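Reading through the structure tokens given below for one structure.
Note that the chains take the letters A, B, C and D in the order they are written out, and that residue 1 is the start of every chain.
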Amino acid sequence: MSAKPKIAFYEFTSCEGCQLTVVDSLQLYPELLEAVDIVRFREAMSEMGDDYAIAFIEGSCSRPSDEAPIKAIREKAALVVALGACAHLGGINTIRNRHDLGEVRRFVYGDKAEWYDTYPARPISAVIKVDAAIPGCPIDRHEFVRTVKRLLQGRAPELPDHPLCVECKLKENVCLYLRGTTCLGPIVRAGCDAICPTYGDSCEGCRGLVPNPNIEHLKEVLTEHGLSVDQTLAKMTQFLTYQVMEMEAAGHGDPQPAH
Amino acid sequence: MATPNLRIDVHHVTRVEGHGNIVVDVQNGQLKQCDLEIVETPRFFEAMLRGRPYGESSHITSRICGICAVGHATASLRATENALGVVPSEQTVLLRKLNFHGEMLDSHILHAYMLVAPDLLGVGSVIPLAKSAPEVVLRALRMKKLAGDLCAALCGRHTHPIAMTVGGFTHFPSREQLGELRERLIAMRPDVEATVELFTQLKLPAFERDTEYVALRAKGEYCYIDGEIASSDGGALPLTDYRKVTNEHLVRHSSAKRTHHMRESYMVGALARFNINFDELHPKAKSAAAAIGLKPKVTNPYLNTAAQVVEIVHCSEDAIRLCDVLIKRGLTWEEPVKPARLSGEGVGACDVPRGTLFHNYVIADGLVTGANCIIPTGQNLSNIEGDMRALVPTMLDRKPPEITLALEMLVRAYDPCISCSTHMLNVRFE
Amino acid sequence: MVTALKQTLIDPSIYLPTYGVVRNVRPMTGMEKLFDIALPEGMSLGHKPGQFVEVSLFGVGEAPISICSSPSRSNGGFQLCVRRAGDLTGLLHTLTPGSPIGIRGPFGTGFPIERFRGKDMLFAPGGLGLAPLRSLINQVLDERSDFGRVIILYGARSPAELLFTDELAAWKARGDVEVHLTVDRGDENWKGNVGVITTLFPKVEVHPRNTVAVTVGPPVMYRFVLMELLGKGLPDGSIWLSLERRMKCGVGKCGHCQINHLYACQSGPSFSYAQIKHLGEAL
Amino acid sequence: MNPMIIPKAALDDWVRLLRSSYRVVAPRPLHGQHVFGEVGSASEFDLGYPTSVLPPKKYLFPAREDLLKFRTDAQQVEATIDGPRTVVLGVHTCDMHAMQLLDRVMATGYSDQHYLAHRNKTTLVSVECLKPCTAGSFCKSMGTLSTPEVFDLHLTDLGDAYAAEVGSDRGAALLPGLKAARPFADKDTARLNRVMSEKWPRFPLRLEFDVTELPSLLSTSYDSELWKELGERCLACAMCTNVCPTCYCFNVMDEVDLTLKSGKRLREWDSCQLDKFATVAGGHNFRTARAARQRHRFFRKGKYQTDAFGLLGCVGCGRCAEACLVHITPVDTFNELYRRQHQPAAATPQGG
């Protein structure tokens, strides 16, 4: 790509923390503004360009009426990048997918529940084809910049496919299992520089599972370290609900979700 | 010459967090409709918390909002701690306050420089500003970076903090880190002064409408965490009585709930805090207020941004003080305080950048069974609409784009965080 | 033998490539292009058939590529036949004559051609496997009188994917090379054999004691070709193949190419079947 | 050169002295573990440490290291070979054996100048191990409980002082200027002998057979069912190889800056336990099964390196055993293979 590529940011169901992280990455890489031409970024600008090559989509698709605008972005953009866990995996929003949604709506909106349109939250890739994803809740600003560089080079961005433990060990953190807690590090995709274990908290899986995770045996490790079945499930469904439910469906021979 | 008919339909206000639309309908000079519509997807956070281990609450609710994530996490932790009888250590309280200043600075700088300043300088965003006034943009980025680094040193990162947990922290900055942050905060003073200077020059629109102001208040400090709920109309209530202040109800055009207290609506946020807690501001912040021309009680909502600038001065100075205190005390790697019980109900409240935030949990056997979060922007929505209803009739002789801009700037002045505000609800505790 | 290029590896870093220049690019099929590369003045690659170089495009990375030209026809440079398979090879395909290109090598042992002299040669490349074998075939043909019969059994997926068709025709036209081609799927113009490469083996009779077979192709091909060759009575030591593995350094350090205890980049990639038949990870 | 005595009270002076010409690194306590890091004074480190998370290998072969820097808009590329002169204080003898292996690997065939440059700039001060460091270590069984010849200076803790044996000129160069250091006296020799003779009984032999049998044991265990059993448990997290002092597999990648005009080529530790280690373009993976990867790992440790370099690939440091969440350990694995071969009937799945 020789000319400055035009890029646009869109957001669906999310906290906009990933876009905020994009703004933050300017603090470290002001030259980003030289490298790309941002034509749409509602959180930060009023100009609304409609002519763009790369669309970054933040947020999950969580109601039927989100689908048309998402498809419209796909029509326009040469490349669609899922920005952050909500777009990449469905993210935190998918916690509710394990509940009865009618009941969830009533719980939150009482007798006005029917005013609000919703369905199980899903990643953007369940609605349209996405060309790349930047995982994480929120995204890692260095990874965002790495991805932009790959796109500028005309290359498909590549995610690390090794587990978090690799990065965690290289940082010489005390393994949380040795500190008496538990961690999803062995089955979760690295790339965040093991920021959570580094700050003393267990990996919650916001970057998604590695290819071929040995979940069965990790569950045994969790049990060995005193987690109940409920606690294990809670751990596995903070960010990974959509992936886990897909695997359950596949495991039970049920058809994959429609999208 | 009055405009007999006017239709304004701003589809997705820009430079605010989340999705909101402004709809104004004037027929024959009569204001028929004047709404701020919240079209954000409902996210059902309260429902998502149910059945999950209490330790996850602060991490899940920090995902309500990427901008005031530290605020949500803190309010959530305070609610859980109150429910489970956890009294955090003095060091924890100090670190949380310092962390809060980091977030307050980050958010206010973002709002003042990147979201509001473009309006005042007549451009659409900071991007053209980066060309026309690079020193202003670089200053903002520089200050924001320090705010972010402050949070990162304490809790790993500002958006969705990591090291904050029930009863304390799981990671601590080193003495050297604190010392370095302190030096950098001191070195930032000229940037803070330049910010005050910038906002003494920029002209914010004139518009007065007296309303009720609500903020947290505590003796001896400019309160951001805990305290009591104070109203400019007089009186204060303990945090556990937050429902008597918020009185939530739903309206059709919004996925966010509305609130009212003594009057039809009230305002929370920097301006409300300024009006209620002015006496507790750092002296330098008081001088900054004088320089900008702010004196309580301020009733022009556009000046919320100016109040934020005053808070930038306060927070950076108080952060320096907190660093000094922490360095002097010496930091210890404390284990988080363990809960005294695994069941109970608790309320946590913080004054986050956009105003007062409440979290309220019921916990049984370590699992959350009921949750309620009331977000500042939700409390402000009725007040914004009240302002709009007062403002539009005074402007009917202007051109529609001018009216639209004035309305957009008004909404933006509140620094609304619309994605946050769709998480409130009336909760049935089971 | 330390060649000029290999010498550059020794100092200051074995990972430092030397700039060559692309002299010519020739599209071969939809997926492969032939690159003709010149080294700086006074430098020679000095390779043996079966060796490879590490090709660098700075900013994207490095990839091992077999040298497909024969040492006997160096012409001041060498040739690589590259399939577009990903990032690096994709970018390589966009290069035009005059483009700089980083080269390290040559690496690997290559085929021990001295030991092949006097023997009948049976070449059995599959698909892109003809690229590394072309180097050996052309050297054999340039020293034709040193060898007995020369038989080439070449298979590709479709007629459009056959590589070096002009050279195949020329070899056939010489009269002293037996060339048999096959494709997995034919098209309307294809008159030749249809079927996988093993369908060609019954067409040729060989003297098992006096024949060396060399086969290069995708991993799945080897098992079947080996069965044919062993079926013809060739001893393990007379069957040669090339084992490609992931490689990051080319110099026996990075560990990716290890086949049991052997580093493919150092002990191979050319191996006799006798060397690897006991290795669980070879085939 | 005769051995010297360095009083412990002089350690701080020594560190300060060394810091004037070197970067000084040593095992620093960190949250209940020890991590090699730069130190400024003696109070910051502990030479009696049990073990370190990562081995001191990281100073010779960093986890992430630049190899080249280049421009993409001009023909400009150069090797990046630098790094400070470093003294590593407190290298355990097992890690010394590991470095001896790395020295051979990196100088065999093509020499890896990046490693060798670090090596030449590094002075290794080893310490005599006086008690086993963790439950997982089995140095005595592996024959790595005494330092190999490659040390520069070797310290033995005599209580209030260290006996310092000089192994090279580089090591000797650390002592001049340290006024408190003095030559050995007779009573020091007696003390040293006593410390040394008391040390050995403290270390158990944990392999159930002599280590010289290991290569042949492995060669007859290639098709053991045990690999499958380990493969089922293994999480493929690569902690075992990342903490190993003798592992050196790496990946190479390019990184460019945002202008795309300049960049660097760097290498990063890789691991044969990871899914993609042996995957080539097109997706073919030559070592798909975790069982095959575990086998490869243990064969490298117990046989391949010995065949190729004459040194064992495992030095018995026990780090991988401490790190592995599913308790796959070299001792248990080797012993289990041995048991299965020698009492096939009684073979039981490995515990854990």
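Criterion: a contact is a pair of C-beta atoms (placed from the backbone, for glycine too) under 8 Å apart; a residue touches a chain by one contact, two chains touch by 3 or more.
From a predicted model like this one, the values you see are computed outputs, not experimental measurements.
Across A-D and C-D, the chain pair carrying more C-beta contacts is C-D. Centre-to-centre separation of chain A and chain D, using mean CA positions: 37 Å.
Chain geometry summary: the mean Cα position of chain C and that of chain D are 39 Å apart.
Chain B and chain D, compared by their mean Cα positions, are separated by 51 Å. Remark: chain A and chain B have CA centroids separated by 26 Å (rounded to whole angstrom).
Within chain D, the positions touching two or more other chains are listed as 31, 256, 260.
Annotation for chain A: residues 153 touch two or more other chains.
Under the contact rule defined at the top, the touching pairs of chains are A-B, A-C, A-D, C-D. Here chain A touches chain B in the complex through residues 12-21, 23-24, 26-28, 30, 33, 38, 41-48, 62-63, 66, 91-93, 95-96, 99, 103-105, 107-110, 112, 115-116, 118, 137-138, 195-196, 198-201, 204, 230-231, 234, 238, going by the rule given at the top. The residues of chain A lying in touch with chain C in their complex are 153, 155-156. Interface residues of chain B, counted against chain A in their complex, comprise 12, 14-18, 41-44, 46-48, 50-53, 56, 59-60, 63-67, 69, 110, 114-115, 118, 124-127, 130, 138, 141-142, 144-145, 148, 155-160, 162-163, 165, 169-171, 250, 252, 255, 367, 419-420, 425-428. Residues of chain C touching chain D in their complex: 9-17, 19, 58-62, 85-86, 89, 100, 102, 219, 244-246, 248-249, 251-256, 258-261, 266, 280-281. Chain D makes touch with chain A in their complex at residues 30-33, 35, 53-54, 63-64, 232-239, 242-243, 256-260, 269, 271, 274-276, 290, 323, 325-326.
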